[in-house]
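Next come two complexes, and both contain chain A; in the first it sits with chain B, in the second with chain C.
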Partner chain A sequence: MDLLNAFVALANYVLVPGIAYGSQLALGALGVTLVYGILRFSNFAHGDTMALGAMSAVLITWGFQSLGLSLGVLPTALLALPFAIIITIGLLLGTDKLVYSFYREKKAKPVIFVIVSLGVTFVYNGITRFIIGAEDQRFLDGERFIISARDFKEMTGLEEGLAIKTTQGLTVVTAVIVVAALFWFLNKTRSGKSMRAYSDNEDLALLSGINPERVVMITWIIVACLATTAGVLYGLDKSFKPFTYFQLLLPIFAAAIVGGLGSPIGAIAGGFVIAFSEVTITYAWKKVFGYLAPEGLAPDGLVQLLSTDYKFAVSFVILLIVLLFKPTGLFKGQSV
Partner chain B sequence: MKKMLMATTAAALLATNAYADAHSKDVKLGVIFGFTGPIESLTGIMAESAELAMKEVTDSGMLMDGATVSASRADTGCVDNALAVSSAERLISEGINGIVGAACSGVTGAVLQNAALPNGMVMISPSATSPGLTSMDDDGLFFRTAPSDARQGEVMADVLMEEGIKQVAVTYTNNDYGKGLADAFQQAYEAAGGTITISAAHEDGKADYSAEVGALASAGGDRLVVAGYVDQGGSGLVRAAIDSGAFDTFHFPDGMIAANLENNFGTELDGSTGQHPGTDSPGADKFTALVDGAFDTTSPFAPESYDATALLMLAMQAAGSTDPQVYKDQIMSVANAPGEKIYPGELGKALQILKDGGEVDYDGATAVELIGPGESAGSYRQIKIEGGKITTVQYR
Partner chain C sequence: MNETVKNTGLFAIVAVLIVLTGVTQSWNAALLIIAMGLISSIMALGVNLQWGFAGLFNVGIMGFVALGGLAAVLIGMPPSEGAWSAGGWGIVAALLMGAATILLAVQVMKRMAKGWLRTLLVLAVLVGGFFIFRALLDPSVSAVEAVSPATTGYLGGLGLPVIFAWPVGGLFAAGAAWLIGKTALGLRSDYLAIATLGIAEIIIAVLKNEDWLSRGVKNVIGIPRPVSYEIDLQNDAGFVAQAAGFGFNPVEASTLWVKFLYVCLFAVVLLVLMWLSQRALNSPWGRMLRAIRDNEVAAEAMGKDVTARHLQVFILGSAICGIAGAMMTTLDGQLTPGSYQPLRFTFLIWVMVIVGGSGNNLGAVLGGFLMWYLWVMVEPMGLWLMQMVTAGMSDGYWLKDHLIDSAAHMRLMTMGAVLLLVLRFSPRGLIPEK
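Our next item is the complex of A and B:
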């Protein structure tokens, strides 16, 4: 029995990556859920909005780096983030004016919006690849670790190391700040209240004098903030590669639907449920059980439920189960 | 206006035909590599190396009484069978006389089966190393100047055993190359008494490999063998393994050894080992001198590319024909003894000997010796990473 080593091994390979990944999914799912709640369609372009936002941040970061600007131990990308958000806001408002408003005026069905957003996805995807290319881009600088595995081992004398990357710490801190700000905005400000009213009942909201165009505009602005932040954090923590954002769409939608589409709290909970399911189901528990099991009973096999190849299948299966048994999700969102 | 257009088009067509006729003696070789995709940082140099051999032969003016050899490049995407086959078919329909390529094992099999065999085209791959290609039915059309990974698996097992590493975890890229190499290594390593704790595939092109590394770390081992690509999942996996402290040292086969490995990781990999096809024969130095700094001659498969191209042209000269069906039988004889040894930079001399009815034993930049169904016997450069640099330990 070696509880401490078991816990550290678990933290290093499951808890820390899971929490960081969960925060990134939660931020992405919040954007999807807001669009669904207020504009009433599933926005497939969200993944590529993240890619475009992150791309702007990458380019601006490179600009800052060549100017010699930096944030010391923190990545320069944080400095670029506000500018990237502004670019993304411009992009989303432009897209809304050019594309979505046309269908909104015609009171098109949600399914048409979904297909339209799919078209927008491919356009965004093309722009991203055209500007920055399809390859991996590195834009992370500053200190890489809050604590590295080697330092941790020396400090504690344990057999197992625990590494916490700066980007993982940043992801969690930023996610908490962004979520707190979002909830304050939705619950305490006039604009936030009008958004919720519009989401609950469009006609009643119009009757009480809420300007729909304004609500739509604010929604896109918030979505741009969320998408860019999520995209940049994911890019910093993993790597920036346009195609991976498209792949992220599945877990993000799974998170939003598991939590309940249209429910911000649900999106956050869903993000963590999906992240931890993906990580724990594909994790090989041999090491952890090896420390926990009594002498001589340590497992020989890997104790792995599913090979890591099936990571994306996990979120897909959870999505199906939730849709079958609880279509409104954990937090009573709208049914799909 | 319409008539005018027609007339111009017709004139243009006639002109092209006339041009083609005037140059019918020219030799055109297809260079079909993965210019995009997982090994794109290697293939640019490989193609330059192949074209260097063509230039040397053209400048010598000895091939077929002064034929000009030119290259037509085409992309395979390294892992895209459909693209590779259509590229090869396009070049064949353009009238090439031989193929240098393909570069990656999977697409090489696809091009061989679907384009080269039906059209009777000779192909010499400088870098396809999958053991599966050894037994593939090829009508005597397929050769390679790179050794099969069955051999690399044995060398890899020997290197690790000599280092005193008795237990390793293996991860391989999920394709013909990775799987073939991992299996060959497992067989050789276990026969030598080593233990493989886990042999897990990884997919290329993902952003996050922490889950894969979690499984590898859980299985444990003294070293992690990464049979992947340096520009793809291989680097991502190594990055995640270093970050989480799962493994400190690694062992890299050929797909991972490139300048980008130094660029990506620097001193973090110190103590790691690896091997890739290479030789210390006099040919290697002569090749470096011949290239004269135009590109990095230690880049994997660059010398093999030169040799593959040279073999094609020497075989044409020996057969006195640029028809693949005729010269395919000459490739083994120009590559192997008996005959005068030929090194890089001596292609003109070799062509002269062949023209006079003599025999050559092409040794080239990589001590070429074709065995079995026409593949290199193989010698490897064992490397160690020290101070962030890839250094040579020995050749074996």
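Our next item is the complex of A and C:
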């Protein structure tokens, strides 16, 4: 029995990556849920919006790096983020004007919007690949670790190391700031309140003089901020590859639905539910159980419930369970 | 201009395009476009059944097509020697055990009163069942995969004629569709889209990782054919003499003849399915589906079971995609799980249906041929376009290299743009619904 080492191993392989991944998913799911609440369709282009935003950040980062600009220990990508957000805002507002606004005026059915967003997905994806190619791109610089496994072992004298990557710390801090700002905006400002009113009851909001086009515009601007931030953080933490963002759609949608589509709090909760389920189910528990089990009874196998190749299956199963038993999600979103 | 003339004209244009390919490139290429066009049309028919008739949005076509491909392997390939005795029965037992666990959990769920005891019991059944399942499965899987991994390393199939795989592929796809439809239908329309997106990713993940089933990314090659092999034809004196009579050399004649046989087989399947779909469209059942599509509330008020009809049509449409998937794997003669891309197998089919005219079977077939032709042609055209654009730049200039390299990604953008333009300016497609 070695509780301390078991806990450190657990933190190193499950808690820390889970929190970082959960924050990324939560940011992505917030974007999906906002589009759903205001524009009332599931935006399949969200993953590729993240990819395009992240790509802009990658290109600007490279530009800064060649100019010699840097943030010291922090990644230069943070400096590029605001510029990337501006590009993404332009892109989303342009798409809305060119594509979505036509169907809004016609009051098309939600499913038409979904198909249209699928078309937008592929145009975005094509643009991303056209500009930067389909391969992995590295744009991370600065200090790699806040605390490395070796330092931790030396500091505590424990057998197990605990490594926290800079990108993981950064992800959590940024996510907290972004979410706090978003909730302040939604709850305290006039525009935010008008957004919530519009989401709750469109007709009533229109009657009370809320300008729908303004609400839609603000929504896209916020979604651009969220998507770019999420995309850049994910790209820094893992690596930037256009195709992975399309695959992120499934966990992101699962997170939004688990939390309740249209509910921002739900999106955050859903993000962490999905992230932790994915990490715990695909993690090989051998090490942790090895410390916990009495002498000689340590498990032989990996004690891994599912191989990591099936991590998408985890979000999918959770999604099915929620759809079967509680289609409105944990936080009573809109379901019908 | 009356309708028949217009439709015939549209089909004639596609035919001329294909004939032009035959004249300018090769007749082999043209026949291959026809064969794949037939398969694409069948997939488009299936999607048209779901979208055009019933308004269901399926983003998982890729998964159903891949299940059809798996059927071709499981039916057509000979059983691997020694694999069954090594662990085949263990795997079957494990799978039965898994199914029994789920059945038991469902029964507990249904029979017991709601409460914490039921939740606890269901969880216990599922968790316990999962561990027994893994305990049975894992050793058998490693035993099977250890049997000559370089050549087989999987269970193999039943060794039956591969034609039987086509209906079986449809059954596999129908099973997956039932699972999805049962959970996601009856909720809002986007949920079906997300659920199908998920099942497609998972089916591909299973095909890539379960080596005992489909050899994973090592691919299954050499699936037996339903038609003769080129080499046999070339050694057949009678065939060679006949080919010479028509002025062909034996190699060219044999490749053309094999492709022609495939085209005939596929055409028969397409005609049968087309006839069935046409009958369905004009039957009371088809009218009911369209009534449901146009106004669910009114149809429900008339006593129609909307969810049950949706489930029915969703399963049927997916089954057709499965049949087409099995046919495609038969044509390729190999199953390569890595080649299943959502763009190619989900999105392209959608573009076919919408460009052709959703709700019209003839439109789906036209869209299948036309978009497949464009799909094959966009890449050379994109490359040509890029070469024109960059003609003024000097060789080795980075922008020139980059643009020419990126031409391969033109397909994504073109297909996305085609879909958006058609939806915006001609939402009813080339051959609109009557």
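Note that the second predicted complex is superposed on the first by the 335 of 336 C-alpha atoms of A that agree within 3 Å, B and C clash if a C-alpha of one lies under 4 Å from a C-alpha of the other, contacts with A are read in each partner's own complex, and residues count from 1 in each chain.
Definition applied: contacts are C-beta pairs under 8 Å (C-beta built on N, C-alpha and C of every residue); 3 or more make two chains touch, one makes a residue touch a chain.
These figures come from a predicted structure and were not determined experimentally.
K.L.:
Considering only the touch criterion stated at the top, classify A:111 as touching first (chain B), second (chain C), both, or neither.
P.N.:
second
K.L.:
Where does A:307 make contact in the superposed view: on chain B (first), on chain C (second), on both, or on neither?
P.N.:
A:307: touches chain B and chain C.
K.L.:
In the overlay, answer first, second, both or neither for which of chain B and chain C A:129 touches.
P.N.:
After superposing on A, A:129 lies in contact with chain C but is clear of chain B.
K.L.:
Given the touch rule stated above, what does A:11 touch, chain B (first), chain C (second), both, or neither?
P.N.:
neither
K.L.:
Scan A:42 for contacts with chain B and chain C and give back first, second, both or neither.
P.N.:
second
K.L.:
Going by the contact rule set out at the top, does A:165 touch chain B (first), chain C (second), both, or neither?
P.N.:
After superposing on A, A:165 lies in contact with chain B but is clear of chain C.
K.L.:
Which one hits more chain A residues, chain B or chain C?
P.N.:
Counted on chain A, the partner with more touching residues turns out to be C.
K.L.:
Considering only touches as defined above, state whether A:71 meets chain B (first), chain C (second), both or neither.
P.N.:
neither
K.L.:
With the two structures laid over each other on chain A, which partner does A:149 touch: chain B (first), chain C (second), both, or neither?
P.N.:
A:149 contacts chain B only, not chain C.
K.L.:
Touch check for A:119: first (chain B), second (chain C), both, or neither?
P.N.:
A:119 sits against chain C, while chain B stays out of touch.
K.L.:
Using the superposition on A, tell me which residues of chain A are in contact with chain B and, in the other complex, with chain C.
P.N.:
247, 307, 309
K.L.:
Which of the residues in chain B come into contact with chain A in the complex?
P.N.:
Touch residues, chain B against chain A: 174, 198, 200-203, 205-208, 210-215, 217-220, 236, 243-246.
K.L.:
Can you tell me which positions in chain C touch chain A when the two form their complex?
P.N.:
Touch list, chain C to chain A: 55, 57, 59, 130, 134, 183-184, 187-191, 193-195, 197-199, 201-202, 205, 208-209, 342-343, 347, 350, 354, 405-406, 409-417, 419-420, 423-424.
K.L.:
In the complex, go through chain A and note every residue touching chain C.
P.N.:
For this pair, the touching residues of chain A are 41-42, 44, 99, 102, 109-112, 114-116, 118-127, 129-131, 133-134, 246-247, 249-250, 253-254, 257, 305, 307, 309-310, 312-313, 315-316, 319-320, 323-324, 327, 335-336.
K.L.:
Which stretch or stretches of chain A touch chain B in the complex?
P.N.:
Chain A residues touching chain B: 9, 12-14, 17, 21, 144-145, 148-150, 152-153, 161-163, 165, 234, 238-239, 241, 243-244, 247, 278-279, 282-288, 302, 304, 307-309, 311.
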